[in-house]
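After this come two complexes, each holding chain A, first together with chain B and then together with chain C.
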Partner chain A sequence: MYGFEAMTFNIHGGYLEAIVRGHRSGLLSAADYNNLCQCETLDDIKMHLSATEYGPYLQNEPSPLHTTTIVEKCTQKLVDEYKHMLCQATEPLSTFLEYITYGHMIDNVVLIVTGTLHERDVQELLEKCHPLGMFDSIATLAVAQNMRELYRLVLVDTPLAPYFSECITSEDLDDINIEIMRNTLYKAYLEDFYKFCQKIGGATAEIMSDLLAFEADRRAVNITINSIGTELTRDDRRKLYSSFGLLYPYGHEELVVCEDIDQVRGVMEKYPPYQAIFAKISYGESQMLDKAFYEEEVKRLCLAFEQQFHYAVFFAYMRLREQEIRNLMWISECVAQNQKSRVHDSVVFIF
Partner chain B sequence: MAGHDRRRGGGCCPAMDLMRSEEMQLVQLIIPMESAHRTVSYLGDLGFLQFKDLNSDKSPFQRSFATQIKRCGEMARKLRFFREQMTKAGISPSAMPLPRTHVNFDDLEIKLGEIEAELVEVNTNNEKLQRTYNELLEYNLVLQKAGEFFYSAQSNATAQQREIEARQVGDGSLNSPLLMEQEMSTDPSKQVKLGFVSGLVQKEKSMAFERILFRATRGNVYLRQAEIDYPVTDPVSGEKVAKKVFVVFFSGEKAKMKILKICEAFGANRYPFTDDFGKQMQTIEEVAGRLKELKTTIDVGLFHRDKILKSISHQFEQWNNLVRREKSIYHTLNMLSLDVTKKCLVAEGWSPVFATGQIQEALKRAATDSNSQVGSIFQVLHTREHPPTFFRTNKFTTAFQEIVDAYGVAKYQEANPGVYTIVTFPFLFAVMFGDWGHGLCLLAATLLLIIREKKLSSQKLGDIMEMTFGGRYVIMMMSVFSIYTGLIYNEFFSVPFELFGSSAYACRDASCRDATTEGLVKIRRTYPFGVDPKWHGTRSELPFLNSLKMKMSILLGVTQMNLGIFLSYFNAKFFENNINIWYQFAPQLIFLNSLFGYLSLLIIVKWCTGSKADLYHVMIYMFLSPTDDLGENQLFPGQKTLQLVLLALALISVPWMLFPKPFLLKKQHQERHQGQAYAMLQSTDDDLLQVEQDHGSHEHEEFEFSEVFVHQLIHTIEFVLGAVSNTASYLRLWALSLAHSELSSVFYEKVLLLAWGFNNIAILIVGIIVFVFATIGVLLVMETLSAFLHALRLHWVEFQSKFYEGDGYKFSPFSFTLLSQEED
Partner chain C sequence: MAGSSSWSQALMQISPYTFAAIGIAISIGVSVLGAAWGIYITGSSLIGAAIKAPRITSKNLISVIFCEAVAIYGVIVAIILQTKLESVPASQIYQPESLRAGYAIFASGIIVGFANLVCGLCVGIIGSSCALSDAQNSSLFVKILVIEIFGSALGLFGVIVGIIMSSQATWPAKAV
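Up next, the complex of A and B:
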């Protein structure tokens, strides 16, 4: 199919690609961020956002505004756009779009399970869930006591079910268990998504494999850094790495034995694309790593828009919008807590 | 120009002059702070000033009146909240115009805040009550349905027991197994005590609910469900949803915990229920009593809310307008720059020259009304910026001007094709749509729109309807013209009429019936107006009409293109650009007319003399072998000499168009450049602002000779090739007119006459229906559209390309009337 997709792509995908590109041009620009960073109060932010595409979502909010409201409304906009696209999509684009939400689903499952473990109210937890990762029986997760029950009761109906095959144990749920479960699920999800994209083929496969490989590598690095100093064995650690990406397989071998962050750095610097990321960070520091990764990701996502006739634009758009919402959240938090000097710490400019 | 001077002196209402856009001026207003708000408000009423944004480098919330805008936004939000509440309660804001009481902005803000707080309080109270009410309603349903379960279960059980007993009585000699069974079913001490939970669950979730219950308890559960026939209001969300009553029986504490959690997760509301019949009756009664009480309380609350909303509804529109006005005023104020002393605001903007008096008067009025000690200062600035284009149109000319603006807004004071469009557009349309029957239908439809104009303009129309309504006067003109051309073509749904006397032709003798086979002779004087009806249906009808329409199209086209070229002359004259007159207008005129003007001349001569010369031949051989003898194609003596002269002129005019202009422009630029170097020194102590702006515009005037030359080359090629292709393009007039008349004759003959031929009422009715729909759908709607589009193209491309620059921008004044139109 490669090379000929341009001929037939527009029959089903043309309308939605136009839509998504239109949405993409509605992303906040650097000038918008500059203005937002100068805001004194949350009302100023609201006023500025009302001139953007977020306007209709924020205009009916009464004045003492909270950061959560802003984030909630902005997410609402993303969800509405996503639902619109999903309604219009045909196969295989609709499946592709659904794949995008599985990540949120995993996060939601983990959030609820951890929450119930610490005896939080289910309703309260549900409000914190990302609306893109909702499924019907999500609230029932609270009933489950161990992985097996979790799977048998609830997740068997969800698209996440196949990913569970690796982590069914009868152990009771605890924090480490859950974290391992999250990573195993995520690994299975990424591999599945990767396989799906390869199946679609063409430019979608090409671009998505690049984006997903980056995602997998980032997760591998994060897992390594987070598991340093915990009782996770090397074999267990290896099991959590996805079986594709730039680091697979030799990089993984080296990451498995890392004992501190500088060793991770040593491994990563062998790979030219990641060398630039680590070059920005001073030795022994891991705080700024997230931001560096985000920046690199945004750069790659923006590049996805350079090609036409492929599905990766949908993935890229959703990710960029999520990044934008994270930025807005950070800015509003800084404004609300009078920490304006720290505004630039975590904002990743999209353009 | 004369019109020019006349307008300059014009006071309130200058003569309407569409040819040139209104003369504009850049004005500066210095307004004292205390009267600023009132001044802007009066200027908004007037609507003749387009403010320039002097703070474009500041973000919205850094501007001086950001807080006021925020307040307006807040008030607008409250008003939206009221509107929402009113639509929920089914109260529409009353449209009747109230006596315009003056409402203070600050008072209104306080008032809106109070009303909102009151409404919110009433609503929360009501919501609470409503919630309890709905809960009780659900409880009532549970009691009923679950009661039914238990009752039917009990009666089943007793029936079973009775059956067993009856069997026992019947077969007393039966042995142990049956006895054991009886023992099991009747011995109460051995019965397992089952617990149960009852409640309501949403219908669409009930399947999943059942599944999860089954999985969680490993099947050790018994679920009964009963559907409720009508949607129930959910107490939490307040929405109507279809629900099911369920009763779950289970055993054991652990199962109970799980079931309760699942219920919670599914948003299933649980209600207590007792299996004791007496207690059931008691609770049902209690619930009914409480329901009645709550109902009255809720009604009182609703009545109170409606009263508040009704009182809002009277003033809603007024408030809404006020808030909108205030917001726009503050937006405008934000565009003004603050003086250093912070005592006055400086505004800059464009205004038409004729409105100077009105603006000054408004400024004065504002100053006196706000008791300001100092009046506002009004002064005209000199600038090199291009002023906006402003045409004062009325409801008739607007649509025509829109047609021109859709292509591009005229450059400031450039000749406006809109003036000619008013006549030429409908006329060219009608040439393609010539049928006076169709014209009458169109006229009737558009007159309907025009008569109901007042009513229609106040209400909201659909997309397509709005477009038709906006262009109603265009359509009216088009239909009038197509009646005229239809009379000339003698077409009425393709039926010929002898309206202007009888036909000039008749058969040689009275006995012939079929005019197409026998030759006709001319017996009377020529048919006085338009095409002789006898042509219709003859074998030579098409060749005759084609020849007529084709030649007519070329004549019309050449005339319109000449008009375009002459307009370029008027433009050059107006802007005092002699280069354009001598090196663009003159060669263009000569080129076009020496080729196609000559063709037109030949056509007219041929028509007048009735010569049989072949015009194609003449035109083609004029180029191929200009020295050859014309022979039988000669129309008038001396034609060959004339042709040679014309050909020479056309050949000369091409380099004339191409070469001199760029060189002259270069020379002119060099001269100006030298001159300006001196002028700069002198003007340093002159007006500072002007120098600055001179400086600004200076940088743009880099003269790039190659660019100018290439530009001119492209223009020349475009004109020379365009002369041929544009003339050919006018043949669309003939083509569409032909298509129209052929289509209508097809519908007439192949549908109406065919149906008539069957002599059957049913077929005739079907035929008439098909004919009517085809006429309306294809001829009146689609043909109108296509003829409209072709006329549009002829204007935009063939006509306007000769002179129209169209790179101006529209004058968009700050005006409250425009504001309210926008919002709708």
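Up next, the complex of A and C:
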């Protein structure tokens, strides 16, 4: 019953919630980011990070450091924490934690299929996959020629199997079809996750509905902007929008007919939460849109920690960590390429 | 004794000893339920939070002690109540005075039991939040402790009323 979770949540979830809140206190703060932004070389970055929780992961790296190594080790820390929480969790928390990684699985599947299409080596592609989205038999993806084979050979045994019913065609895989497949899978995944959270009920359902609705709306806007000027028909575009969220269904009707960014802005400004985002970017500029969306997402994720006795803190923590890794990647790239003036273009402070 | 309905007759035929004994059982049993509930709620959060912030363990045991106090209230009242349970001659067992004494002990037990149940729950939930906040920011501990103190006063109210209630549980004197 909503409101009385405090009485029984701690039986199964109390320990893990306390652990995830402890991890959250280890996220880098604005002061850490300021120090990192002032670094001159990647070794300086490594030295600053060794004073934070990333220390044990980076200290054994040999001196000519690459940005990919830094990102890989930081991701490894996230994976270790995730696996530790997953093995301690009971139902329904364990299913919830697994749902968080399906997005990465979808990205990995698309990465390997695209790479195979462009004749890259499978081993090289496997190394680029996100570790949270790995599953057995992922290497077999390189063999498939079209979506039906993809499903039959590999994906029917993975948790992604139920998301495929909407996008099985016999067409051969090419770039456009793969992007459509990615978006269709992600839409099915978001709707499934949403239904699962509704089934859990209580504070988890309320907070996750808000976070997932924002995610669905953000994807709708990105799909619209990316498909302006391509051959994607309006019906196909409409099929890629999720069937929940603030923009459903009237916003989607309006987005479907948009042909340029200013029309998109016109649609979004009718919704107060998104009006604030679009007011930050001036007319005709879409590069800052990503950063504005990330900032809004981080704000909402931090709010999830204000309430106790629900599962959304786990989701929020994973997303905040991923944002932090993105920040570190951007900072490292700027430092490595000597473009320190652009460092603040894309770093989103969490605290 | 012409009862107006069969239910009221049935109720008045139940021995007051039954009511008194059940009251004593509830006073200790439900209090301990409340205390245990509160302790597990606090304890699981405390253990998890202490992994990243080991300094919180000794201070936050106060929350567990407050929950334990609730169980002790239940034991004290149960002991007091059981000294009030006296035998009366068989001819007087269904006199109004006897029934009154039995009901008084029963009510005292219910008061104490349920007041301690919710008090234990309250202190437990606050203790859990206290442990998690203390792990992030140690200046919050004392302020949240004040909330817990107010919460534990609820159990005390129950004990006071329960003892007052039971002090007037007088069985009829032996000689009629």
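Going forward, the second predicted complex is superposed on the first by the 351 of 351 C-alpha atoms of A that agree within 3 Å, B and C clash if a C-alpha of one lies under 4 Å from a C-alpha of the other, contacts with A are read in each partner's own complex, and residues count from 1 in each chain.
Operating definition for what follows: a residue touches a chain if its C-beta (ideal position, glycine included) is under 8 Å from a C-beta of that chain, and two chains touch if they have at least 3 such contacts.
Because the structure is predicted, anything quoted here is derived from the model rather than measured.
Give one word, clash or fit, describing how chain B and chain C relate on chain A after superposing.
fit
With both complexes superposed on chain A, which partner does A:11 reach: first (chain B), second (chain C), both or neither?
second
After the fit on chain A, how big is the angle at chain A between chain B and chain C, using C-alpha centres and going to the nearest 10 degrees?
50
Name the contact category of A:341: first (chain B only), second (chain C only), both, or neither.
neither
Please tell me which partner, chain B or chain C, touches more residues of chain A.
So, of the two partners, B touches more residues of chain A.
Rounded to the nearest Å, state the minimum C-alpha distance from chain B to chain C in the superposed three-chain model.
10
Contact residues on chain A for chain B in the complex?
Residue list for chain A touching chain B: 35, 38-40, 43-44, 47-48, 50-51, 59-63, 122, 136-137, 139-143, 152-154, 157.
For chain B, which residues are in contact with chain A within the complex?
Where chain B meets chain A, its residues are 59-62, 66, 69-70, 73-74, 77, 80-81, 205, 208, 211-212, 215-216, 258, 261-262, 264-267.
Could you pull out which chain A residues touch chain C in their complex?
So the residues of chain A in touch with chain C come to 6-7, 10-11, 14-19, 21-23, 25-26, 308.
Enumerate the contact residues on chain C facing chain A in the complex.
My answer: residues 37, 40-41, 44-49, 51-53, 121, 125, 128-129, 131-132, 135-136.
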